[in-house]
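Below, subunit A partners subunit B and then partners subunit C, in two separate complexes.
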Partner chain A sequence: MNKMNDLVIPFEHRMFAHCESGTVTGLLNHGGLPLTEPMVFGISSGILFLYFKTPALPFPTFVVRNFPGQMIRGVSRRLGVKFSTAKYRDQKKGEDAIDALLDKGIPVACRTDFYYMDYLPAYMRAHFNFHYLTIVGRKGSKFLVSDCYSTELAELERESLRKGRYPGGSFDPRGFLFYPVRVPQNPDIDAAIRKGIKAACFNMLRLPVKQVGVKGIRLFSKKIMEWPGMARNEDHLSHEIMKINILLEDQGTGGAGYRFMYATFLRQASEKLNAPALREMSERMMLVGDDWRRISIYAARMGKNHDFGETKFRELSEKIARQADAEEKFFTDLARIAKTL
Partner chain B sequence: MKEKDARVEGKDTHQLVMYVEKDDGSYDSIMTGSYLVKNYVDDFWDKKKKIEDEFLGKIKNGEATPIMLYMMLEELTEVELAGRVGISVRKVKKHLTPEGFETMTLRTLKRYAEVFDVPVVNLMQAVVTKKSGLQIRAEKTKNPLFYFLRIEG
Partner chain C sequence: MEVKVTRELKEEIKVLILESLNIPDVGPEDIADDASLFEDENLGLDSIDGLEIVMALQEKYGVRIDDQNQARFILKSIDTIAEFIAKELSKK
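Take a look at the complex of A and B:
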């Protein structure tokens, strides 16, 4: 390999709550569009719920946001941002593409397997092929990485990034990278907010799939009663129950975190559109997030104390079912308000 | 969530961003420690240790292979592991048995080590010591199959 000169693009590194919305926000801000992370999240209809089981995972799980990549596409479609995207079968070409963009002073975002991001604490690292980050420079054998979950600009060995970009398995990123080539300076944000809200309501209430949206939360509340029979042993069950806490609290901001971010979006949207009704909805969404957090803490305690009686599971199931009711009412009301905006 | 309820203080908790209701009623982000790490990370590591002990025992008795150990630790299924290593599920199943493990090529072993992000030798040995405070580190060489095991302290 030819020796590359060290360089750092003047990119403002910041932590964000979530990697995809944060990465997109960072790139848009760098391109001169001062949108907040909650705005990016809301405009791209980031809020969702999905309960699923797949052969790729050893246990059923849930996600509480829209499908990875949809925030990029949502922002692109609703704000007119044009992203250049590429995948590279050849790993060397994939790495050369990053170097070529850095030479032009362009920060470039990549999708990676979280597991190889060795600047993060060991307990955070899990095989997950949907982690987004931005490469903003290079130094010796390392890339300089702006990762929303890292307090500082991180250094990552080229080999680790290569492994992270080509991990194989489900949803292999295959060297996927993207960067904005056109960022409109005065997009119609009001219209984008309206579309984002309407699409979020549709996704939560009307997608005809039982695993998704409010139906997905109800499915989760039923299926959790089957979890004790699916675990290898008590420790495994404890781990899976405590993962509810991970998914709701920490990893990728979690369900509670996403609900708090969506509440912040609605607050900002109410100010932008001068719509007091959205302010009230933002307060309601904050309370919905608080209830998710209570579920998360309840599950964590259950898991830690190995408290797996049927009554406990029944109570957990009922708490989740109540969340389904609360979110159904919330998004029904929000959909009604969205028609008047 | 109110800012005061979201705040998690304490060293060794990684920082994360949360959106909260601030004291003045505005909604904005704060950086705070992780509730999960502060309260439950020890439990997480205890469980990993139990899995490690269980499967090292099985490996020792010829009932499992290191592939099985890492697969369990990393919570990968046979299907997912096969996709990551780039081989068939049938082969992964074979490599989970001591007899099948012996027949693996070095190239495949190296690919498994890459997926688990460990030195290749870790798939053929476990380092055990009664001394505490030792720093044990596998130092890479230009030969991807050869490491220096540095034991210091």
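Take a look at the complex of A and C:
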């Protein structure tokens, strides 16, 4: 039985589009730095595309943002925020660390398996070891959790958080937690925006790896033609094809594979830097996002209806290839503008 | 210019949903304004249908629903969709 005193840190709970950018934004706001979520996403060059296959996963897949943890590192490097991070092999020590921080009035973010966050409806939850949330208090045997997908501050049994922090399997969080120990009150946000944009352009256009950025989108458009031959059967193919929709729309992407969030970042950056050209780029990125959303619907319908004729795959492949062209042109133009900012 | 939620707007949204999802056996009169669109006893839509509605609303009214968190609340019922459309059109 827990004998800890109840406490609630005055942390403003808000919903965000994505758990990592939202959690970092909430912590920075709490520390006195009023950045928006799209700003955090853009400054940390969150936008990306990566098509890959790994022994840990049974089928090729793709991601549409930078790797988990890079948003935390991105804002640290570009804004001078200092985070303290830790992992605990011992579950009790991992939980004691949270209580000790709460006693000091410090909200603490954790990486968890999303499945155990049982304050959210069951249909939303799946095993996913990269879900971020912030613990802001405790009440009886429960922790008070600010989770950007929850409409209000949630209560979570200690046991559920323990399972979520130590779920085992690939990419086990192993009790990972982090919290800011220094939040600069007047960082050079303009410089951080410029660096974030330049890095995003570099990642999308110039990383010399065929799986990443625009090259990764082209690889995806080519490789998807091989998917029917790789799937075990029609149901498996349907599952994998429908995952395109999930990865683009259902994983806290802010819509259209983070493209809408990046467009919002560019609009806000345009206002901050007084750069009308970025406003135009924001509108263009929204249109790129609309086309990703159309691909998402197209793939979902294919999967749902088991509509797997070669023509359908060919058309899907061509749609993705057009996205590669559109993003190549977009980031080439953005890189040119970035030099003038 | 302020756009109000009217019966006509709700009717228009119902027709748009039925046409974009190609549901010929249900009429606008069969959908209650406050019924949850995703429950089986009503239209029983799924998340892909939701995304189709998002695109249809965007194409007809020029309003964009960015992310699923937002969509969860907006697409709850005809009432909530109409309120969102009226609010967004009022900003234009």
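Everything that follows uses one rule, which is that the second predicted complex is superposed on the first by the 336 of 341 C-alpha atoms of A that agree within 3 Å, B and C clash if a C-alpha of one lies under 4 Å from a C-alpha of the other, contacts with A are read in each partner's own complex, and residues count from 1 in each chain.
Heads up, the rule we're going with is that contacts are C-beta pairs under 8 Å (C-beta built on N, C-alpha and C of every residue); 3 or more make two chains touch, one makes a residue touch a chain.
If you're wondering where the values come from, they're calculated on a predicted model, not measured in any experiment.
K.L.:
Quick one: on subunit A, after the overlay, do subunit B and subunit C clash, or do they fit? Just give me the call.
P.N.:
clash
K.L.:
For A:P55, using the defined touch cut-off, is the partner it touches subunit B, subunit C, both, or neither? Pick first, second, both or neither.
P.N.:
In the superposed model, A:P55 contacts subunit B only, not subunit C.
K.L.:
After superposition on the shared chain, which partner residues are touched by A:A126: those of subunit B (first), subunit C (second), both, or neither?
P.N.:
first
K.L.:
Touching A:R267, do we find subunit B (first), subunit C (second), both, or neither?
P.N.:
first
K.L.:
Is A:G42 touching anything from subunit B or subunit C once the two structures are fitted on A? First, second, both or neither.
P.N.:
A:G42: touches no partner chain.
K.L.:
After superposing on the shared chain, does subunit C or subunit B touch more subunit A residues?
P.N.:
Ranking subunit B and subunit C by residues of subunit A touched puts B first.
K.L.:
Tell me the contact category for A:R294 with respect to subunit B and subunit C: first, second, both or neither.
P.N.:
A:R294 contacts subunit C only, not subunit B.
K.L.:
Do subunit B and subunit C land on any of the same subunit A residues, and which?
P.N.:
Common to the two interfaces on subunit A: residues 15-17, 148-149, 245, 249-250, 253, 260-261, 264, 286, 290, 293, 300, 304.
K.L.:
Taking the complex as given, what residues does subunit B use to touch subunit A?
P.N.:
My answer: residues 1, 14-21, 26-29, 31, 34-37, 39-41, 43-45, 47, 50-51, 74-77, 79-81, 83-86, 114-115, 117.
K.L.:
Please give the residue numbers of subunit A that touch subunit B in the complex, ascending.
P.N.:
15-17, 37-38, 55-58, 115-116, 118, 120-121, 123-124, 126-127, 148-149, 151, 163, 167-170, 172, 235, 238-239, 242, 245-246, 249-250, 253, 256-257, 260-261, 263-264, 267-268, 282, 286, 289-290, 293, 300, 303-304
K.L.:
Could you list, by residue number, the parts of subunit C that touch subunit A in their complex?
P.N.:
Against subunit A, subunit C makes touches at 47-48, 51-52, 54-55, 58, 64-69.
K.L.:
Where on subunit A does subunit C make contact in their complex?
P.N.:
The touching residues are 15-17, 148-149, 245, 249-250, 252-255, 260-261, 264, 286, 290, 293-294, 296-297, 300-301, 304.
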